[in-house]
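The structure is given below, and queries will be raised subsequently.
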Amino acid sequence: MNTALLYSILSMGGIGLLFSILIALANKKLHVEEDPRIGQISELLPNANCGACGFAGCANFAEALVGGKADLSSCPVTGNDAREVIARILGVDVATGERQVAVVFCRGGDGIVARQAEYRGVATCSAAQIVGGGERACSYGCIGLGDCVVACPFDAIHMNPERIPVVDRAKCTGCGKCVTACPRGVIELHPISHHVFVMCKNEDNPKVSRSVCKHACLACMICERAVNGQGFKVVNNLARVDHAVYTKELVLPTEKCPTKCIVIVGTADEH
Amino acid sequence: MSLKTFAKGVHPAEFKSLSEDKPIEKMPLPSEVFIPLQQHIGAPCTPVVEKGQMVKTGQVIGKSGGFVSSTIHATITGKIKTIEKFPHPLGINVPMVNIMAEGEEELLPLENLPEKWENASREEILDIILRAGIVGLGGAAFPTQVKLNPPKGKSIDTFIVNGCECEPFLTADHRMMLEQSQELLTGIRIIMKVLNVKRTFIGIEANKMNAVDTLRQATKSFSEITVVPLKVKYPQGAEKMLIDAILNRHVPPGGLPLDVGVVVQNVGTTIAIAQAVTAGKPLIERVVTVTGDAINEPKNVLVRIGTSFQQLLDFCGGLTNNAAKIIMGGPMMGVAQSSLQVPVIKATSGIVCLSDKYTQAKPIYPCIQCGNCVSACPMNLLPTRLARYAEVGNLIMAENLGILNCIECGSCAFVCPAHIPLVQQIRLGKLQINELKRKSKSI
Amino acid sequence: MVKAKTPLYREFTKGLWRENPILRMVLGTCPTLAVTTTAINGISMGLAVLFTLVMSSLIISLVRKQIPNEVRIATFIVIIATFVTVADRTIAAFWPAVSKSLGPFVPLIVVNCIVLARQEAFASKNPVGRSVLDALGMSVGFTLVLLILASIREIIGSGTWFGMQIMPPTYTSWMVMVLPPGAFLMLGMLIAFSNWLNAKLEK
Amino acid sequence: MEEKIQKVPAGESQMPKVAPAKTSESPSKPEKRAFILSSSPHIQAEEDVAKIMRAVVYALLPTAVFGIYFFGWRALVMMLVGIAAAVLTEALLNLVQKKPQTISDGSAVVTGLLLVLTLPPSLPYWMIIVGAFVAIFIGKQLFGGLGYNIFNPALLGRAFLQASFPIPMTTWTMPRTIDAITTATPLGSFKFEKTLTPYLNLFMGNVGGCVGETSALAIIIGGLFLLYKKYADWRIPVSYLTTVAIFGSLFWLINPAKYPDPIFHLFSGGLMLGAFFMATDMVTTPVTPKGSWIFGIGAGIILVIIRLFGGLPEGVMYSILLMNAFTPLINRYTRPKFFGEAKHV
Amino acid sequence: MDLIIIFISAAIINNYVLVSFLGICPFIGVSKKLGSAISMGMATTFVMTITAAVAWLINKYILIGLHLEFLEIVAFILVIASLVQLVEMFIKKVSRPLYEALGIFLPLITTNCAILGLALFLVMKNYNFIESIVFGFASGSGFTLALVIMAGIREELELARVPKPFQGAPITLIVAGCLALAFMGFAGLI
């Protein structure tokens, strides 16, 4: 028994010693320079090397994170605390300036905008855009097939019954996915403190836009005149808001707009 | 003897009997025209006329600079009502010159024409083609003088006239070959001079044997011009397929016919060149096949550019009551129209009006990997994969599988038993990839 | 870095469902698939993991400040291997039949991702009490899933539960359940079910 | 067909016009009618998934009839049970997932029928139901339904049954007997007793075996129909059968006493059924022509290895399932060269 | 001939992943992309072959020689962990491309139960040195085979409409189940 004990201590110690010397030597001789963040992040990862992230172990995952090739959420093992720290190291979570939210610049829902055709084919806006623009006659406004709804990772855009997307300003993070998803550029990001918008993108001749949509801007100048050009300006057949001048209190033009395309969005206390 | 052709492809029903025996009719002048300021690939033209100005037929109203450019002419004599954005048959609103007919019709011919074209220099002829505003009339609308002026280092040895007209329904080229064979011959000779090539092939699908005979007769004394009847198969008229069929040369992916020493011109374009160079006629009108089961009198019509579809269809007896789909171009590659206010443009080869009989919605099933699209694709692609990768947004895989090589001929969607809108999906993927490329370039 | 606010009991309960090692993290799948042919095997394996995980968490959280950072993984592995050897030899000595049917999977606890992951992610950064609770929660969660999976496979696959005949004698056993395909299919179903349930609960 | 389509509209145009539409309106007024907007192409061939599935069912009819002839009315009941179970499972799963109902595409019917044709004629009905359920649920719906499955659903269902209930799945009855005397399949009797079955019986199907696999004649009739209609890729049966014949004769030539001859290989067991109906399942086989060849050759080699050296007498099912697993890889590495890619230097 | 039988038996009939349930974690984790799967398979095969050799030596000359069989777990894991780390460092220094292709998968292999399982199996099998190496190589090949098939299928599944709860690990396990069903056809071979 004593010999067994002795041998085990000797052999295990021997093997351990041998390999630790080898590794220490190798570490010195074979050292390769790396981004220091990779080391920091791999410290924080579980280092279980389970492979659940799809990468070849935690160090590799850390490298991919730093290189922007991986998403932290693909590691199921890391706890929430560690995630926050890693996010900070990666600098993902750097919020700058005011919160932005998506705004939909069209009110031409079903029944409001004229129907130009029966659209058949892939039921996405981007697909309809390349086939004559889909069902709705306005070539500037919302196509209504909901690409933005699908694109939103936060469940913050929904279609109203008229098939015009409505943004949930509380849920919207301003990531801009819907903005890129919309083939017509109907959605824009605006600071949450902006409340008044001309909800139309139609730059056609007023005669044309009038025949197409009940809520189209007709470039009638009423809004511009109502504020003496201070805050509203009609350019290219379309009224535009100067948010530097007008942020709130725009009751006058909104009420006077004959097609109701000037709209107050959100409430003053939401931010 | 088996006829020459390319590999794969499809055999749609032809429907050509509707209009192939109808001689080309000249349509009376329209009361107003809408002339888009861009009717070619390249930089759009800027207007050189103003609202309210009187213009004569053939007067230049738009010019563009740069290498890939073209010219736009007034197509009727009258007064310019407005220059504004109007709906275009390709689905976007573009700036157009709206001319109301007024006064006596008068044609201003091109200036500085050579006495005899045989004595003119290559540069002179190219200049006439540019001033005449001639673009590819087959549908691509690529400025012709650019195509006839290959870059240094590319040697061209063969000229091919594309008389396939492989799209079902369309017969405009067929009629032109029958009725304007002499002008076609002149056009060919002009182009051969410009390109300095020694041989020309005229590729014609074998369903137009009368055109083959007519042209064989017309070119009898020109040993360097050969008329080649081709197997009736779609898309025989696609440039790459045509070159493959006649010369057995394969244009490399992303390449042009001139990479294999070939220039291809459409029948209509060749005739337009002859008319411009010999008679000084700018491109103000073209032959359009108005056909389909939903038009009362299918016809081949010589019509002024800018005439609205509505006026043209009215000339052909109007639509029937069950008209359901109006297509500019052929049914395989044409563009469905939502409005009849759009004008005939230089690229309008035909207007196909289909009734609800041919437009019933078919159920869409999931792809069952039958491989029909794979055996139809003339470009040797895997359409079902391309479409699905484009659909799920994996553009990298789609590009690896050659989505950008797709010529959108529609063969895949034609044979798909699951009725998947493959072409639409693939076009969308191509657009997105090109968009990304443009963005990454600009950064 | 660690939120001290987390109530102690949460360290235990998170392993049962919210961070369940098999269902939510899909770790330690090898033994899960291999030994769940009978309920006995499943629960034995679970207990072996429980013993190893709790003991090594205990020791490691005790000595965590003494271990040099560079060799921590090696140290963890040696400590774990020691306890695994103890567990392996104990089972072999007292329940030779179980040891036989578990095959090499008791020794393989050494490389079970769950054990190492908890040391690295938790025990090496937390005090003893929390570490032990965490280890207990994780291993109980693991054992429960093993038991469920093993029960399903044993009942359908052999008509018995813990060796007792519970299906009527006319019952035809579904052999596939005790074979490898049955293991993969049932674990897939189980995880899918938990995904579905989780989505339901979150709503 | 083509002729007819062309003539109808031509005739119409000569008829007196009925209310020439919209001609009276002035050109500046917008056209009110909503035309159809859709992507090109605007015409389509007359093919349809449901039509293809129906054709497969028709092609299976001779096999089914021969099965009923040899194994009695029980075989018919088995088929009905299998089809009903498959269709019901599909309907139920669509309902649960709140997906549009897909039973009308006919693929579930094909799966149910194919499954039963590969089962022994004495299998209890409830096992058929289990098999059909597994085929549709695991084999098809878990991957997203028709078109997305990796493995042939019917074969997967059968493999599941084989693994679950090995004894009932290998209990065979004599054809044309009233009280179902058990027997062995030709492959089984060769493997375990080294006896050969007469070729005519093999060809006609008067031997022990699964409901639909015994009669090579019936299968070939249906298979040729499918090939003629181009609903099956001819390359797969050709390469599969040829590989089995060549590879099988190789061993036969080495040792005719130990290994069976190629004709026996071809006409025994489920090879014919597998080659014409299982290996040609469009969804689970390569889309590229070169891939089809590889698929057939690979399946043939695996089959001969299993038959000659494996513990089981038959391996058609496994050979096809294994090649199904390789199909994504085959598709990937047999992508046809783009037009112009090969020739251009 | 014996060597061929050892190879086929270890690579196919007793496939590590599909039959013996070893190395499931990387099987699920690294089978998303075909490229990674091939590299991972090659790296694993490489390490397995080396491990087989080293484990045989240690077992024969230290454990059995000194009657320390009870220390096999500790000894093997120590050796494997160190060995893998050494190999990784070596590759990283010698060839960056090789490291990118194979080396990055090495840490994952340390805690891969397939490797330790291999060493433990080896002790039970009584193979000689050459046979052990073949066994190690064959086991690695079998692992690679399963991994590559799986990766091919999963890339295909990217295009499928797998029901939400089944996406990710569950469908991977179910495909593995189907594969295991198909591999049962090889049962009894040899």
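Labels A, B, C, D and E are assigned to the chains in the order they are written; within every chain, residues are numbered from 1.
Operating definition for what follows: contacts are C-beta pairs under 8 Å (C-beta built on N, C-alpha and C of every residue); 3 or more make two chains touch, one makes a residue touch a chain.
Since the structure is predicted, the reported quantities are computational estimates derived from the model, not experimental observations.
Colleague: Walk from subunit B over to subunit C along touching chains and report the minimum step count.
Modeller: 2
Colleague: Compared with subunit C, which chain's mean CA position is the farthest off?
Modeller: Centroid comparison gives B as the farthest chain from subunit C.
Colleague: Please state which pair of chains has more C-beta contact pairs than any other pair.
Modeller: By number of C-beta pairs in contact, the leading chain pair is B-D.
Colleague: From the centre of subunit A, which chain's CA centre is farthest?
Modeller: Between subunit A and the rest, the longest centre separation is with D.
Colleague: Once you find the CA centre of subunit D and the CA centre of subunit E, what distance in Å lies between them?
Modeller: That pair's centroid distance is 35 Å.
Colleague: Measuring centre to centre with CA averages, how many angstrom lie between subunit A and subunit E?
Modeller: Between these chains, centre-to-centre, one finds 41 Å.
Colleague: Rounded to a whole Å, what is the gap between the Cα centroids of subunit C and subunit D?
Modeller: 43
Colleague: Mind checking the centre-to-centre distance between subunit C and subunit E? Centres are C-alpha means, answer in whole Å.
Modeller: A distance of 22 Å separates the two centres.
Colleague: Can you list the residues of subunit E that touch 2 or more other chains?
Modeller: Subunit E, residues with two or more chain partners: 25, 28, 71, 74, 78, 82, 110-111, 159, 161, 166, 171, 174, 177-178, 181, 184.
Colleague: Counting only residues that touch at least 2 other chains, which ones in subunit D make the list?
Modeller: In subunit D, 30, 34-39, 138, 144-145, 148, 160, 163 touch at least two other chains.
Colleague: Going by the touch rule set out above, which residues of subunit B reach two or more other chains?
Modeller: 335-339, 366, 385, 421, 424, 427
Colleague: Could you pull out which subunit D residues touch subunit E in their complex?
Modeller: Per the touch definition, subunit D meets subunit E at residues 97, 138-139, 141-145, 148, 150-151, 156, 159-160, 162-163, 302, 305-306, 309-312, 315, 317-319, 321-322, 324-326, 328-329, 331-332.
Colleague: Touching residues of subunit B toward subunit D in the complex: what are they?
Modeller: For subunit B paired with subunit D, touching residues are 10, 12-18, 31-32, 168, 240, 244, 249-253, 255, 259, 292-293, 295-298, 308, 310-311, 314, 317-321, 323-327, 329, 331-341, 352, 354-355, 358-359, 362-363, 365-372, 374-375, 378-382, 384-385, 401-402, 405, 408, 410-411, 413-419, 421, 423-424, 427.
Colleague: Which of the residues in subunit D come into contact with subunit A in the complex?
Modeller: The contact residues of subunit D facing subunit A are 30, 34-39.
Colleague: What residues of subunit A sit close enough to touch subunit E in their complex?
Modeller: My answer: residues 4, 7-8, 11-12, 15-16, 19-20, 22-23, 26-27, 29-30, 32, 48-60, 63.
Colleague: In their complex, what parts of subunit B are in touch with subunit A?
Modeller: Contact set of subunit B toward subunit A: 84-85, 87, 91-93, 335-339, 361, 391, 421, 424-425, 427-428, 431-432.
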